[in-house]
Amino acid sequence: MNNLTFGRYSPFNTCVHRLDPRNKIFMMLLLMVSIFLKVDSWSTTLILTGFIFLFLVIVMIISKIRFLDLFKSLSTMWFLIIILMVIYVFIPNPSYNPNHIAFYIGTYGVNYDAFYQSGYIIFRLILMVMITMILTSTTSPMDLTYALEWYMTPLKLVKFPAHIVAMTLSIALRFIPTLLDETQRIMKAQASRGVDFNRGGLFKRVGAIISLIIPLFVSAISRSEELSNAMEARGYDPYAKRSRYRVLKFHLSDLFAFIIVGAIFAGFLTLRIYDGYIIKIDFIYWIFGAKPLF
Amino acid sequence: MAIKINDVSFSYLKKTPNEVKALDHVSFEIPKGKITSIIGHTGSGKSTLIQMLNGLLLPDSGFLEIDDFKVTSEKRKNKRIKDLRKHVSIVFQFPEYQLFEETVEKDVAFGLKNYGLKENESIEKAHLALKEVGLDKSFYKRSPFELSGGEKRRVAIAGILAIDPEILILDEPTAGLDPKGSELILNLIKELNRNGKTIILVTHDMNIVLNHSDYVIVLNDSTLSFKGTPSELFTRDVSNYSIEIPELFKFALLLKEHQLNIDIEKIKNVDDLINQLKEIK
Amino acid sequence: MKSVEIKNLNYSYNVNTPVIKDLSLTIDKGEYVSIVGHNGSGKSTLCKLMIGLLEKNSGSIIIDGVELNKDTLNDIRHKVAIVFQNPDNQFIGVTVEDDIAFSLENDNVPRNEMIPLVREYAKKVGMLEFLNKEPSYLSGGQKQRVAIADALIRRPDILILDEATSMLDPNGKAEILSLVREMRKENPSLTIISITHDIEEAYLSDRIILLNEGEIVLSCLPNELFKNREIIKKYNLSVPFIVELKMRLKDLGYDIDDSSSLNEIGEKIWQSK
């Protein structure tokens, strides 16, 4: 259970934590789109994404997210990264410049561009992980649910039960820690009966998992029964009109944050639109007056 | 051979803002062949401690010696963990939640099979364990999920007994049971001890401490604050430990203070008190 | 005035196993009643019938003059509130304040009225400083205190405690019992029905009802029940220490009928030496 650190909410009280979750979700989307807006020139694209990287690093520092946690969550993706590399390096792509051959494996020429391409993809992947991590570590799951419910409000017009979905989500979130505790307890109890969850062949492992899953299900079902009793006894009716205790507030700080992220997005969008049509965007060329290598 | 806890420390959620110290340089011994109660408020470190005794948790520093086993902070040095768990078994609180097989006998035999016994052999031993906890043949083929709470608890305990550990740890074995169910479990514990098993009880119930244990360990805020016999504990000032002295004991003390010839050490239950009063009279 | 009136109530999960058998019972307003009996005697089923979580087979349940049926269900649930056994499984909100507000949200109470109410009831149960805490940071006793606030905020006439202290440690138990005592002082008209195995707890109540296999065996003052040795033995009840001590000393020939505390009993013994 200890490796579930990725994206776990860490209850600090920084200015990032205090932002309106609806705003945070929207800003997250803007940044993600920005990452995918690339210009024709490779070097410029890398500078631009590098800028977002720096920005995210600053936000991570402000919101007290440990970089160790980032590396931990990235380390679970190494397999994906290798696969990506292999695909890009060994699958021929006509868009690669044939003059950019790095070295030959047999008769197959490995292209520099393949490394740039895959490196760029991986870089974007890391940025995506950083963005989601910032969102989930600084926003309590509950606030996320409320924000999602808010975004789902228009769906009520087509009779989509947004409030029921939100209630279900919030209860699921509420019970995650409880069920994790329960899982650990059952694992320990079964370990006392000689179950080894870490070693053994496939057959043994399946047996071990069954000895965990069944008790967990039994207890989850009895919990859900008691929970629904408690909710009913306290007058919950999913179809009745309910008032809200918790409301989300858009503060002045939200506006500032939005302006910053909005500016980044607008900048990227402008560059993307201008690129190639009006002027070729190439920072390196502009600054050094030289055509870069790639 | 004995159970020794040597300068053991442990924290949860290490290096996070929510770090919690569970044990802070704790050392003591638990005598073999006796019933020892470990008491302390919630969060005092007692569950952490029992989990170390069979290697479910490893200490951050210090070490534990259980007979010829050693539990230390270094993961790779604890190779015989599976043997240790056969030697020291824990019945966790609400153990009925660990049942999962289709029949009672299969569930009890589950542990034995994990320790390498053959199917028929383990079922045979399971039957013996079920007999020990007072469940007869009619239970063998029933589903554990259709039993009453007290019966489930006994099946779960049988599942541990079947493994035949030398040292048996029970965490709040009577929690949530009605008086009849509790009595059955407590009598079983006594019987097991009489047959030579070392028993460690984690409990909040001071009557169990007084009535059933030979030795008592008090943990308070992650440190050891008392070790000795129950009567020694209850004659002390326990106001800092959040312990409620059993009324029986209070009464016996009261009589003793008034020059009645009461042997405090021998008061375990009401019968003992009445018998002593009879002699005085 | 009658608070609860149950007449010839029957309930069974399936045809062969009746859980409640032709049970009749009245409880007065402001009375504190304990229902005892071993596991499976039908205590919890009775509670669930009273708040309409289960539907009776026959008979009637009248709460405060209103008969429980489909139309009055919502009404009855405002008169009867319940605190269940497991502190975790009745904590619905993500934090203490959300949980206390849950009932109010269901009743569509406007937000500006909710905020002071949530604070008021959190204060009543001594949880004001924990308003924004999540359940995993609370002790069992604290969670049950929140559950009591959840119940009280519905302003019920009847509060059912369904083994509300059985999963708590001694500290938690003591917290809840003293809270119940305060509640009664503050609102003497609140009827309390407590289901419990804890005999010391039952001893505090005005009346004990002993239930066995869905039938009432006995309904009397706590002292009367504990004097009835035959019943105690037959139903395997435990007895408060002081009651047992008095019984045993009487057998020894001490005259301690009018002594009510351990001190007084002790005095008799050392005086007779």
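All chains are identified by letter, namely A, B and C, in their written order; residue positions are counted from 1 within each chain.
Convention: a residue touches a chain if its C-beta (ideal position, glycine included) is under 8 Å from a C-beta of that chain, and two chains touch if they have at least 3 such contacts.
What you see is a predicted model; the values in this text were computed from it and never measured.
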item	value
Far-end chain from chain C, centres as C-alpha averages	A
Interface with more contacting C-beta pairs, comparing A-B to A-C	A-C
For chain B paired with chain C, centre-to-centre distance based on mean C-alpha positions, whole Å	30
Interchain centroid distance [CA atoms averaged], chain A/chain B, Å	45
Inter-chain centre distance, chain A versus chain C - centres from mean C-alpha coordinates, in Å	47
Chain A-facing residues of chain C, complex	48, 51, 53, 74, 77-78, 81-82, 84, 86, 88-95, 97-98, 101-111, 114-115, 118, 134-136, 150, 154
In the complex, chain B residues that touch chain A	16-17, 51, 54, 56, 82, 85-86, 89-92, 95, 97-100, 110-111, 114-115, 145, 159-160, 163
Touch list for chain A against partner chain C, complex	140-142, 170-171, 173-174, 177-178, 181, 223, 226-227, 229-237, 240-247
Chain A residues touching chain B - in the complex, by the definition given at the top	10-12, 182, 185-186, 188-196, 210-211, 214-215, 218-219
Complex interface listing, chain C residues touching chain B	38-40, 139-140, 166-167, 169-172, 197, 199, 236-238, 241-242, 244-245, 248-249, 252-253, 262-263, 265-266, 269-270, 273
